[in-house]
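Given below, in the form of structure tokens, are the structures.
Shared between the two complexes below is chain A, which pairs with chain B and chain C, respectively.
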Partner chain A sequence: MIEFRKEFFANERDDNLNEIGKPTRRQDILGHVTGRSPYFDDHLFEGLLHIRCVRSPHHHARIRRIDVSAAEKMPGVVRVLLGKDVPLNLNTLLSLLDFGLDDEPVLSTTKVAYKGEPVAAIIAESEAQARAAVLAVKVDWEVLPHVLDVEDAVKPGAPVVCDVYPSNKFIYHGKFDHQKLRYGDVEDAFARADHIVEGRYQMSPIEQAPMETCGAIAAPEVNDRFVCFTSTQGLFFSLGTAAKLLTMPSSRLHFVGGTVGGGFGGKVDSMHEPLAILGAMLTGRPCKYAWDREEEMQVGAPRGAERWYIKDGIARDGRILARKFTGYFDSGAYTRLSSYAIIKGVGHLPGPYTIPNVYADVFCVYTNRTPATAMRGFGITGVDFAIEAHMDKGAEMAGLNPIDFRILNSYRDGDMKAHRRLAKNCALVECCQVVAEKGGVVLTQASRAATSLLDGGGERARLPSRTATDQNGIVSGFKGGNYAKKGGGASAPQPVALPIAASAPTPAYPSPASVRPAAPTYQPAATPPPAPQPPAPAADTARHGALRFSSLSGFRRR
Partner chain B sequence: MAMHRGRGFASINYPIGMNLGGDPSQALVHSNPDGKFTVALSSIDLGQGMKSVTRQIAAETLGIPVADVYVDTADSDTGPHCMGSFASRGTHRVGNAVIQAAQEARAVMLEAAAEELEVDATDLVTDGRGNIHVKGASSRSITTMAACQAAQFKQGRTVSGRGIFLIPLSEVDPETGEMTPVSCFAHAAMLVEVEVDDETGEVSVLDMQSAYEVGRALNPRLVEQQLVGGAWMGMSHALWETTEPYYPDRSHGPVDFNNYLMPGPGDLAPHHISVLERPAPDGPFGGKGPGEMCANPVLPAVANAVYDAVGVRIDELPITPEKVLRGIRANGGARPKMRLTRTQFTGAR
Partner chain C sequence: MAKKPVTFILNGSERATFAEEGLNLLEFLRRGIGDLSPKYGCGQGTCGACTVIIDGETHLSCLTMAVTIEGRKVETASGLANGKVHPLQEAFMEHFAAQCGYCTPGMLMSAKVLLDRNPAPTRADVIEAISGNLCRCTGYEPIIDAILATANMRRLA
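On to the complex of A and B.
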């Protein structure tokens, strides 16, 4: 069922190490197989309270009034939380990276933009009592028109999903309503191509489906601190998010996690920790906030849907001359992590192939659905489906075996990639050859003789002599050059009225050498990469939470 | 009405780590008086084996048996910062941090041993079994336990080390997308065989033949568990799963595992995996991260196999029997392509 093909790249490895490469038994296996490994939900404190949220039944609605008077009198109800109880009721996850504007409340106060959006939280003695009280909260809704399709959402006149991004598109670099990739000139190459292949692909939204649903248990700790047991995939990420939303020094928070019942990307969003800690702060008692399976599937952020349009120009011999992408990530009602995943996706284009002309416009689109987030292969899985389904069509059009077609176009060591860095450490050709051999697929002599090690570089290492660029999708009103508006405080961040022409002068684009990370020396003599010069602290007193990864603020400089 | 077999192929690469860098992870390593070591992290073990792989990395670097190392993780009071377990970054980023920390601790351990043996520390080597000896003279030796005891009780040294791994953040050009996305890539190729029932539109995956290039396989069993499970997840994405079956319409959304469709044990296909290991120049002992990318080639390979079997292109996931059947009907019946036969290529030309 599994074999290790040690003959490949053997001279690049020392296979005689003491511990590396050994099938050592897992450190935590005894706890797991005996059912004794502690998960967050095993910390059931005496007197534990339970939190359940009141959620929107509408895709899009204004909140006229929330009446909690009946719910507060229900049996077992200890406290009802509303947006006004959250110290800083607005966040975007990647504000910890200075990436994007705060756009999402913990508990919404003025409107909801997806079915399931929380507007109030009940804290009760039992989960059943919390569920009963949720039904007793009366919300006066004014239903608004909604939009669910990404291409409808970007049309003029579409309902505005998220007021922070009025065009329903995330703003990149304070400048464009999409992320661009421009390498060579695809239109010129299409005109020269012998075959044109076009396709439209749709990746579905998918649930991470962990066995353990997302959740956290928080409790007052001694010495005015709070402990939080959590299922998070990023301990300090969640701690930093909680510190920001609760305007609390991170030193007052003690997070414990580390053994998680499946993540697959769905446990990064840090929705539970802030509310559980807030509950513990306001009641003085331990509080648990966790999703049930229905919430996990329909309220918890799924892998977002993606729609991709691809156009290839192919020469008679099967070489792909040009590839053009238009992509729409369905971010749902708020940003979470989709805008960042798009940059990852754009850096990945055009897939593992050396294509001399590549173009992409990729949009992060807001729609009235559950916000999307990370899932295994985030930013890549959807576009890989599109690319590889498209490659199959290209092979057919060119009259080539699908595996020969891949090997012919595969990237090799030393090739220039569309994001303008050289490829190295490639192994696609070899993977294709091994599978063809195993599957009994007869390849051409050229495919059998190909190698990632020798066939690249030279002419293939050159940047295009000319790249067609454009200013399509330029926006005004966002602070030029910044992903994140600085000084974002407790008030809702509004795009600043700043015409593009008045934005700060564009810094000279650094040469590739100055931005490429120094490759650390191969281990065991590994030296650490040089630490980047920390930027001068910004004069920004309104930032919340002690935990800021300020070394990441290079984003702000374009 | 008939069953049609077809084969589909896909090949992919996968970027390891948060793609623009700027995602540090730290590690602390220290010895207790008996020469047993603790690695303190705040990284999360999602079941992928974070604790186990960092334990092996620490043991290898320190030059001691894996049994002498314990990894303690995910307590924010004791573990130093880690960005988190996502983006296939755990092994690569945390592994490098552990190497750096373990190297610093190892250097102190060897200095302590050198003082006890009255030799130069640069002349000492570890045997990986709990002994330190003079290079070429194995009789002049001291146990790692004795060296650590001497360090702490006689010499007053802390046998400890600090590590961090950070790839500095890349900038992104708004006009061209120029960037330095990641430092290393994993690779995969996948050949899937399916059977399609042209009466019901049902697709069964019969067989998967793959090659995965994962950098050095730090623990072959952990690599295997990732590849086996991940490929099944890819198969499930292709043919079963979605939270919104009529996307972009939100109706009929599943709320439990009765309605959220996934393959059962009887649906799983045999998977013949070949692992290739081209060490990543900046990976811990050359390791990359197999966790995410193992699912990716399966989705398009299944779609391409369905086309091969019945001549229907399904470009919207998941590939439901309804979509297949509608496609077959639109074509006026199944149109097998058979482009990846075992003998020779029978392409369009």
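On to the complex of A and C.
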């Protein structure tokens, strides 16, 4: 049963909801039901080689020595890959979007920071031979102390998980060890509040567990190119990542994807394509690198764990006067996409409620757990759970029905939000009213009369007269420029020469100079004016995803 | 590894080939024969994506040795459409019973064996029949609806 109330979206494009509510056949469903949809592994190659990785049995260990001599002599082994064979053996996924420092090797050479981290790869004629040879690789480990809890990881003296970020915290905007949100003055409001409600919420990692495990098959193609069939969810993202790590122009890579056997976010990390292509480059034969189910569960990046502390100050009538968050995202051993999850999550605070004073410190924390990545609404789901659980707690404290409490505090159209944009097309009040009706909950007269169309704006559209700011968590030694290290900066490892025709690098992503800085969309009076803008490039290559992302992260304007 | 001759019927046509003794039926069908419809999901017999029909019974091809199909009849999802799509396939399309599609071939095999044996299954029978087939897109309800609809259509026909 779907009910449309288009009046709440009157200022939006009127497309008459042509598709919504009407059954439509998927365009790919005939292939699905006849077993003919071409997933990455449904491409047959003569002489296919199989890649299996040697993985760390420890959460945290230094690599003293890797001895592959016995493995190299095993039956069927064609080649053994080590970190030194990877042209650019350090990456962070979001470097394609100009965000974060390269922190993760393809095959680690110095130390491992999570259980299952790969340190070598066997390429063999059969999967069984590759598995046997993996067992023959001898690694001399020096086991290091590990840390598995986000709050333990940020304590002084905690083991350093990732050398690039010695405080075990991602550095935002080259400036702070956490992402801040400051709006009004929460401490002042807490002093005036009738009730203080505090809560601690946490969520475990969740594995996406797609039916098809992640993988890729790469093969030499004609004209000095390589074809790569992949399960990736982000074809051009994986293409850019492979081009960067292999230091080759993306025009030499022919990626084929689009048929994904379930992803749910877990197939964006581009772990397989670079190694499969490298195998094809070095052996001249088709190579398949895919996880088995055990690897998918153990080393496949999950939705990261989160821990949230929320403190509300509530007036006697139930209005929330202030809300303060301290959040810890467990990024695992490397950044992957957790830094971005927090940007997204903080943009979502304090939930869909008009609260005049909001404060958040959210940390992207490194621990010796499996690196975390995307999964269905990541960055939002965990904190939404925390917010809504906390709303129930607040309602109880204020002596209100939880739905009345939500209606009282919900955004109305025209209200100022904590990230300094006006709310529009809210309809949360009306959704709550429908929920109450369906659930047989009797609302107060005021809740029944409330409307998101008329009750907002005016006084509620004003910014706080004063916003309390601070320099907590400021760091030094990180420069803004560190975050624009496309294709590897000066301090990045020198690319290894490969036995292939060298071509002028024309990476899939634009060079730093060609990315136009985002114009600031809003500047609160309390913050200093933006730094001088770099000159705009002549070429119109600036219309790129990086533009919007930079604008979102705010990095480019600080 | 030593190879043994294997003669069997695949989707109604006779096949004569060789199989390594330790090879499982899934790899044999996929890489040896080129029938890519059974899928690898776990290799441990827990997910059902590799389900095939052998002599009218569902089997997990990842846990079945290829050489054991000597003289037997094997059916896979790629053979389900015989000139035109099978009623089960039509119902799966009509009821949106596939999202990513990866569990679908195995799901169809389990459904076919159920309907071949029991033309009027209850909802509980359907749930029991596909209990060995995981769908991570969690589209179980449309799948159950599609199988029940196929049974109803057949009774009316």
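Everything below uses one rule, namely that the second predicted complex is superposed on the first by the 458 of 558 C-alpha atoms of A that agree within 3 Å, B and C clash if a C-alpha of one lies under 4 Å from a C-alpha of the other, contacts with A are read in each partner's own complex, and residues count from 1 in each chain.
Note that in this section contacts are C-beta pairs under 8 Å (C-beta built on N, C-alpha and C of every residue); 3 or more make two chains touch, one makes a residue touch a chain.
These numbers come from a predicted model, not from an experiment.
When the shared chain is aligned, chain B and chain C each come close enough to touch A:R293.
In the superposed model, A:E19 lies in contact with chain B only, and not with chain C.
The partner of chain A that touches more of its residues, comparing chain B with chain C, is B. Within the superposed three-chain model, A:V33 lies in touch with chain C and out of touch with chain B [touch as defined at top].
After overlaying the two complexes on the shared chain, residue contacts for A:A209 are found with chain B and with chain C alike. Of the two partner chains placed by superposition, only chain B is touched by A:D404; chain C is not. Look at A:G457: by the touch rule set out above, it reaches neither chain B nor chain C. By the touch criterion defined above, A:E396 lies against chain B but remains apart from chain C after alignment on the C-alpha atoms of chain A. Touch criterion met: A:V260 reaches chain B and chain C at once. Judged by the document's definition of touching, chain A residues 23, 25-26, 28, 209, 259-264, 293 lie at the interface with chain B and also at the interface with chain C. For chain A in complex with chain C, the touching residues are 23, 25-26, 28-37, 39, 41-42, 44, 48, 208-213, 259-264, 292-293.
If you check the complex, the residues on chain C that touch chain A are 30-31, 34, 36-44, 47, 49, 76-78, 80-81, 85, 88-89, 92-93, 96, 98-105, 108, 134-137.
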